[in-house]
Structures are given as structure tokens and as C-alpha cells.
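What follows is a set of structures to go through.
After this come two complexes, each holding chain A, first together with chain B and then together with chain C.
For the complex of A and B:
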């Protein structure tokens, strides 16, 4: 019984942390621009697919590194081509643009990689190797996922709190005019946040690929879950997204014990709807902070 | 320091500035006074390139800057403290100041930044006590101080202040003007926009009177204070009193 519970918890935390990373990707761009970037899921897919292709002729760490860089460049390209030149776009226009981009990237991926399901090599061991944690047997890849997601969160925090560039991005999200009066090039900061968002999406895609596998359209699924988690935690609040992601992951996994497997996806959508009905500011969306951040 | 000739500016179809010319020399404090809607804030925003001018020339240290971006203007040594403070509310006082020094970091002047931080704290001791507090939780006057301190961190050659006294208690206004006076004594160049004409003319060397987008009067502060039209329109004195 205990082993089974540990098993569920670990697998819940694993998918939860991927949702959290997807949600943080949303939040970074949302904070910098006020845009929900619906192409966020595609960053995850492109990152994983690129790494899979590159891993055929490069060692795994290098393949992942290049995949992250390429996806970050894709993020920059999207911003420079489709977002930068818009002068105060309406929210609806931005939503349509990013949804359009997500379809475009997905179809392009279909042409580049076809519709086969692929996966990246396991980082250590293979499909059958396992480590035992409190009696539960899990793939070492689960530890990789948890470790890398935790690392991403810590590094992002340090970046936003203590580096000048990170602070500048926060300044742009807090007050664009004041930021440019400090001499900050706000447009470049927006490009940078798209790159950052692309990079962490790609890294999440790579680390999850051995477990969940990757297909040209797997981004949509993660995008919806990530979006639900971002809203659940409170849009723009990355730390809340981590907590919300883990909660959603655990709820999904434990729902299997009481409901048929097919209903797991309904859980996060149900949460999204409930939050939007009853607490649109999100679980941890604090009114005080909301006022300070000028959402 | 800055020379403006025939500047026209506005928002959309609205023409706010209709050919404004003025200049500020190094070490001077110049004030622009005028009623609500005269175009004072638009003038400063245009000088800071937040609003793009329609026509006219702006020379900053003899270099034309009409097509420059706002951040280039800051890099050229002209900082604006905008109306309504615009501090970064969700960040601490120290973080706000660090961002004010952004351009100094870019110039690679780490050493100067370390000097400037105690310097601005010496001007605004209240900020030192509130160092780690979130800027959004400060009082209006403290936020105004923070906004000025943040601009000073860039070591601007020209500091432009837009209505620093707006919405503040009289005691706080007094304190802010004593800071302006201190900055003047240190030889800073300041362009001050104010509705509080009396206080502004009290610290400034020269002044311009802006009315519906045009400069209608200019001169030394003393002359403007003695000018009958200025007294009636901006200093709240009656004809009768003037004639007495």
C-alpha cells in the first residue's frame, strides 16, 4: 500500500513539475508583455524533436544543449517577426496570432519530422532500469525530471532576483515607461523573455521525452495543462505555478484510483473551469500583489 | 545642455505643443509653469522621447535627438522623473535604485554606482530606512523621493522633474524643494515642471510660462515673480492686491 502511494506521488510530481515548467513559460511571457503565448506547448515539442534528431549524431548533453539554443532562437524569431512591430496590440489580436503560430509550428513539425512517435534516449539506464525509493520502483528518468525542473525554478529565481538583466525584465513587466526611462531597451527584454520561455520549454520537452514520448502534436496537450496550471496558480506568479503544477499532477495521478484512466485529462480542465468561475485571480493570486503588479 | 526649437507634438489628432522653443544651460535650474492641460508634461515626455515630436529640433549637448529612442536619451545623460512617480511597485527600494543605475552598469561604471548609492541615501535618508521595503508600499512622498533617487542613480547631466509636488502634503513639498535646492547648489542642471509656480520660481534661475501649447512668457525667476500677469494667473493674487 505504502509502495503504491509513493509510486503515485512520484509520478504525480513528475507530470506536475512538467506542467509547472510549461506554466512558468507562460508566466515569463505574460509578465513581460501581457500576452498569453499559446505557442508555448510547441516550444516543448520543438525542443524535444530537435534533440531527438540531433542525438543521432551528437552525444546526448550536446544534443539537448543545441535543441535548447535552437528553440530559444525560434522564440526570438517569433517575437521579432510577429510581436515586436505591433503597436499596442489588443489582447484578442495577440491570442489569434499566438494560436496561429502554434498551428503553423505544429504543421511545420509534421512536415519536418512526420507523424511518428519518437523519444529521446533515457539519460541514464534504459526503459527497464529502475531505482527503488521507499520500496516503489521508478525509472531514473523520473529523478532527472524532478531534478532538472527544480534546477530550472531555482535558477530562474536567482536570475530574476539578483541579475541586472533579470531585474530589468521584471522592471519592464512592472512599468514599461519607467523601465525605458531607466535606459532599458524594453523591446529587447521582451525578445529575451520569449527566448527564455523557449529555452526552458525545450529543456522540459527533452527531459520528459523518454517517459512520455514526443510527437508533432504533443505540445497542444501540454499547453492546455500548462495554461490550466498557470491560471490555477495565478497568472504571472511563477512560484505559485510550481505549487499549482504539483497539485494538479498529484490530483491527476490519484484520480486513477477512483476514476477511469481516461478521465485524467478532465481533471485539469475541470480545475481550470472551477478556478475561472470562483477565483479568477488564481489559488495564490493575492489581491495586494495583484494591485502592485498592475495586471 | 538642451536646446529646443519650434517643437510640435501631440497624441493622435490632438496637437498639444504648437511650436515651443526653449533652452537650458549647464548648471541652471529652469522651470516651466502653466495651468492644467497647457502641455507641460507632454513637453517633458517629448524631450524624453516617450512621445514622438511632429516637427522641430531638440539638441542635447549639440547632438540632434529627435529620432532617438527613450533609452538612448537616458544614455545621453537626460533623465526624466515622470509625473505620478512610476516606481516599480513589486520591487524593493534597493532594486529600484539598482535599475536606475542600469545605464551606469552598461557603461561599466560599477565603482561610481557604489559611490552613488550612499549619496542618494544621504539626500533621502528616509529611503535608507526603507531599503528592503517594496516600493509599492511606500507613501506618496517616499515614492516621489524614490523616483528622484532612481533618476539620480543614472548620473544625468540634465534632470527633468515632472510635477514632483503633485498630491503631496505641504511638509513633503517643502522637503522636496529643499532637495531641489541642494541639487542646484551641487551644480546639477534641472528642468522643473510645476503647477506650484511660487515654489518653482523660488528655486529656479529662469522660467518659462506655457499656455495652451505655446511659450507666452520667459525670463529670470525674479522678473516672472514680479510680473503682474504671472501673479494674477499663477500666484493667486488679485488685481486689487497687486495695485495696492
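For the complex of A and C:
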């Protein structure tokens, strides 16, 4: 019995870690601009696909590094081409632009690569290796995902709290006018946040690719779940996103024990709705801060 | 009076023009249009893309060799993108505007079912490349299909299980037309094959990790797992089972017949057992096997022309077109006659098996069309049965 419970917890962590790492990326652009970037799922896909292509002739760490850089540049390109020249755009307009971009990137990926599924190789071990915990098993790749999640969250917190650039990004989010009066180049800060978001998306894509496999349209699914989890935790808070991701993963897995698998999505979405009814700012969000936000 | 004169001259010249044009071409080359509906792009592109390529290649080959009964073939290929709505409008277009002789495809069962009645009412032959049993059962006079049936795949799996001493199994399937049809057949046929399905679960086709549901299967102490889907999740199931150290064999449906998924599953793919047509193991067949020459010719032609691995799905398009051509060769170019000839076609060796059509079997394949395959050293191999 213990073994089974542990096994369900580990399975929940596996799914939860995927949701969590997909959710983190949303928060950065949200923190800088107050908008949700619906092309975040496509950053994940592009990062993973680029790394897979590069890993054919580069060692794995280098392939991932280049994939992260390339996706960050893609993020910058998107911001410079489609967002920067807009004069005080409304939230709705920005959202529709990012949705359009996500479709554009997906179709471009279909032409650059193809419709076939592929995956990055496992960081340690291979498809069949697993780590035993109390007689239950988990893929070592999940530990990588959790580890990188933790690393990203810690680094982001340090960046946003203790560096001048990080604090400038947060200032832009709070009040663009005041920030620019203080001498912050708000436009550059937004570009930077898109780059950062692209980089984190790409890293997430690379680390989950051995588990989830990657194809041109896998971003949409991850984006929906990631977005739900980000809202669930409270938008703008990376630590909350990770916690929320793991909670949703565990909930889904334990729901499997009592009812058919087909209902898991319904359950997680129902819980999400309940949380939003009673705590619109998310599980760990600050109510006061939530009310001040435009969206 | 003048007007009559002009009219007369016009009529005369028109008549001359017609007789002249007839005289110019003493035996006009007849063109027979064959409509083809394939999901060349979209989510089912791994079915439709090789199918469209195969039809194009075969039509070129047939025309080079002088056509069928002196007539040239013309393939009118439409891309449905896997959408049943597109299939309906393209089918109407093919029947009403292009006035095609017959239609081959669509690639998926859902699309085929949408246009089944359409073709039946228009009395246009439809040779489907989709698998579901409902396409030919209940029977429609003008509707045929060439891929093997789900029920036969299920029976083949159960027979293999019995030989291996397996009686208690768990089933997982994807929430697609293919997955649901397979799940239904497995559940229907299990009792008469003395197999007990302890648990049957459906997963979303975009599933990214299935350790949770497999842990549930493991806790029920199943002796084997059957997975029924056509999605990349087939590789995820294999990986997750090995990661959970389940230590029981994994059976997959005939949807696993794509080497891409074997590569995806890597080491976890070793030992997967699944029923499949013989195209993937053409090299391993004995030289006197009736399908040997057909399979090796199609495989070498396709791989030489398109530089990619052959798949069973392209093979379905081969069968669909060739049974049609074969019937046209026996019955001429009359639609009704060809339909009769197709219904009576016997002993035709295609890529899916040896076809024996009859008035109440519009699929024509028996249990022997399937071979049980396994994965060995990253390649497909025949399963050695004890």
C-alpha cells in the first residue's frame, strides 16, 4: 500500500513538474508588461525542436545552450517587430497579437521541421532507467525537471529582487510612466522580458522533451495547462506557479485512483474554477495587488 | 431571309468543325479520373502524405505502361486535412464537378463514415483506406475498404496472449475514433477468447505522461498491457512502463506500424508485440510467399522515389488503387461492371494481404493478413511463437 501511494505521488510529481516549468515563463512577461503571452507554449516547442536538431552534431549541454539563445533572440524579434511600435496598446489587443503569433510560429515550425514527433535524449540514463524510492519508481529526468524548476525560481527571485535590471522590469510593470521618469528605458525592459521568457521557455522545452516528446503542435497543450497553473498559483509569482503545478499534478494523479483517467482534466479544471471563484488572485496571490492589476 | 442564311452557314460550319475535329483524332485517348481524398496535412498527415505519394507514383507507372484498357488514368488528389467537413465538400466536388470514375480514401475512419452515404447515393465506388469495421459492416453496395479490420487485430493479439499463457490484461486507448473502435472490439471479443480485461482506461491524445494510469494498471496486477492508439503516445506508454518496472509485455495495435515510433521509444521499445501487415517485414518473408514480389517492388519503388521509409499506410493506398485497376482490367470501363468485378475479385495479392472480396465481404482480408511482429534491436522482426 505504501509502495503504491508513493508511486502515485511520484507520478503526480512527474506531471506536476511539467506543468510547473511550463507555467513559470508566463510570469516574467506578465511582471514586465501586465499581459499574458499566449505564444509561451511555442517558445517551449521551438526551444526543444532547435535543441533536438542541434544535438545531432553538438554535445547535449551546448545544443541546449544554443537553443536557449536562439529562442531568446526569437523572443526579442517578436517584441521588436510586433509589440514595440504599438502606442499604448490595450491588454486585449496584446493578447490577440500573441495568439496570432503562436499560430504563426506553429505553422512555421511545421515547414521548418515536419509533422513528425521527436525527442531530446535523456540527460542521465535512457528510456528505461528509473530511480527507486520506497519500492516505487521515477524517471531520473523528472528529477532534472524539478531541479531546473527550482534553479530557475531561485535565480529569478534574485534577479527581480536584487539586481537593478530586475527591479527596473518590475518598476515598468507597476507604473510605466513613473518608471520612464526615473530614467528607465521601458521599451528595452519589455524586450528583455520577452528574451528572458523565451529563454526560460526553451530551457523548459529541452528538459521536458525526453518525457513528453516534441512535435510542432505540442506547445498549445502545454500552454493551456501552464497558463491554468500560473493563474491557479497567482499570476506573477514563479514560486507559486511551481507549487500550483505540483498540486495540480498530484490532484490529477490521485483522481485516477478513484475514477477513470478520462475525468482528470475535468477535475483539475473544476478545481481551478473553484479557486478562481473564491480567490480570484490565485492560491498564493496577494488580493490587494491583484486588485491593482489591469488584468 | 438573310437571317436564315446566316444561321444555315453557321450550322454548316459548326457541323464541319465537329466532323473535322473528329477526323483529326481518330481514336481519342480516353481519360479516367480517379478521385482521391487524403489528409496530406493536419494531424493525420502521417497517414495521408504517404498515401498521396503512393497514388501519384502508381498512376505515373500505369500510364507509362499504356494505361488501363487503353485509357489513361488521372488522379485528382484533394487534401482533407483530416477534417470530415472537408471530406464531404471534396467528395461532392469530385462526384458532381470532376465526375470521377471512383474515389479512393479518405485516410481516417471518421471521414469515411461521413461520405459513405454520399457515395452510395451517387453510385460512385469508394475504396477507403481507413480501418474501422463500421465502414463495411453494415454493408453498403458501393463502399469497400482495404486495411485489415480492428476485430482481426484484436483476435490476433488474444491468440498470441493465449500462447503466452496470459489471461488477465489491462487496456489503455486514446480518445480518438481509432482508439475507441479498438477498445470496443477488445472488450467485445475478450470473453469468447477467455481473456479478462481487469481495467480499461482512456487517455487524451495529447497526453504527455502516463505513469499515473499505468501505476493503476500495475496495482491491479495485470499480466499484459494493450495500448490502442495511433498517436506518439504509443512511445510514451512503452517508456513509462519500463520506468515503472512493470515487467509485463506490452501489446500495441496495428497503428504501431511506423518505424518512427520505435526510434522514439528507444530501448523501451524492445519486445513490444503488435499485429501488422507484412509490408514492414517484406525482406524477412520466404521467397515463395504470395505477397513477396508485390511487397518488395512497392517498397523499393517508393523508397527510391521519395527517399523515406515505406509505411503500411501508403500500402493501403496501393491496395485501394490496384484492386480498382485490376477490376477495370477485367470488366472494362463501365462503373456497374467494375463494381461487380471488384465484388468478385479473388486471390489478389496486395500489400495488406491476399484479398478475396465477395458480395457480403467488402474488405476481403482474412485473419492471415496479419503477422505478429515485435521490436528487436530497434527494428521490426517476426515474433517467434513457441
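Criterion: the second predicted complex is superposed on the first by the 280 of 295 C-alpha atoms of A that agree within 3 Å, B and C clash if a C-alpha of one lies under 4 Å from a C-alpha of the other, contacts with A are read in each partner's own complex, and residues count from 1 in each chain.
We adopt the following convention: contacts are C-beta pairs under 8 Å (C-beta built on N, C-alpha and C of every residue); 3 or more make two chains touch, one makes a residue touch a chain.
All values derive from a computational prediction rather than experimental measurement.
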Which superposed partner A:239 touches (first chain B, second chain C, both, neither): neither
Chain B versus chain C as contact partner of A:126, first or second or both or neither: second
Which superposed partner A:185 touches (first chain B, second chain C, both, neither): first
Dominant contact partner of chain A by residue count, chain C or chain B: C
First (chain B), second (chain C), both or neither touched by A:177: first
Contacts of A:167 with chain B and chain C, given as first, second, both or neither: first
First (chain B), second (chain C), both or neither touched by A:143: neither
Partner chain A, residues of chain B touching it in the complex: 48, 50, 69-71, 74-75, 79-80, 82, 86-91, 95, 98-100, 102-103, 105-106, 134, 136, 150-151, 154
Chain C residues within the chain A interface of the complex: 41, 43, 45-46, 49, 175, 201-204, 206, 208-209, 211-213, 215-216, 218-219, 232, 235-236, 238-239, 242-245, 260-261, 264-269
Residues of chain A defined as touching chain B within the complex: 164, 167-168, 170-171, 174-175, 177-186, 289, 291-294
Interface residues, chain A side, partner chain C - complex: 4, 7-8, 10-12, 14-15, 18, 115-119, 126-130, 137-139, 208, 211-213, 215, 217-218, 221-222, 252-253, 256-257, 260-262, 265
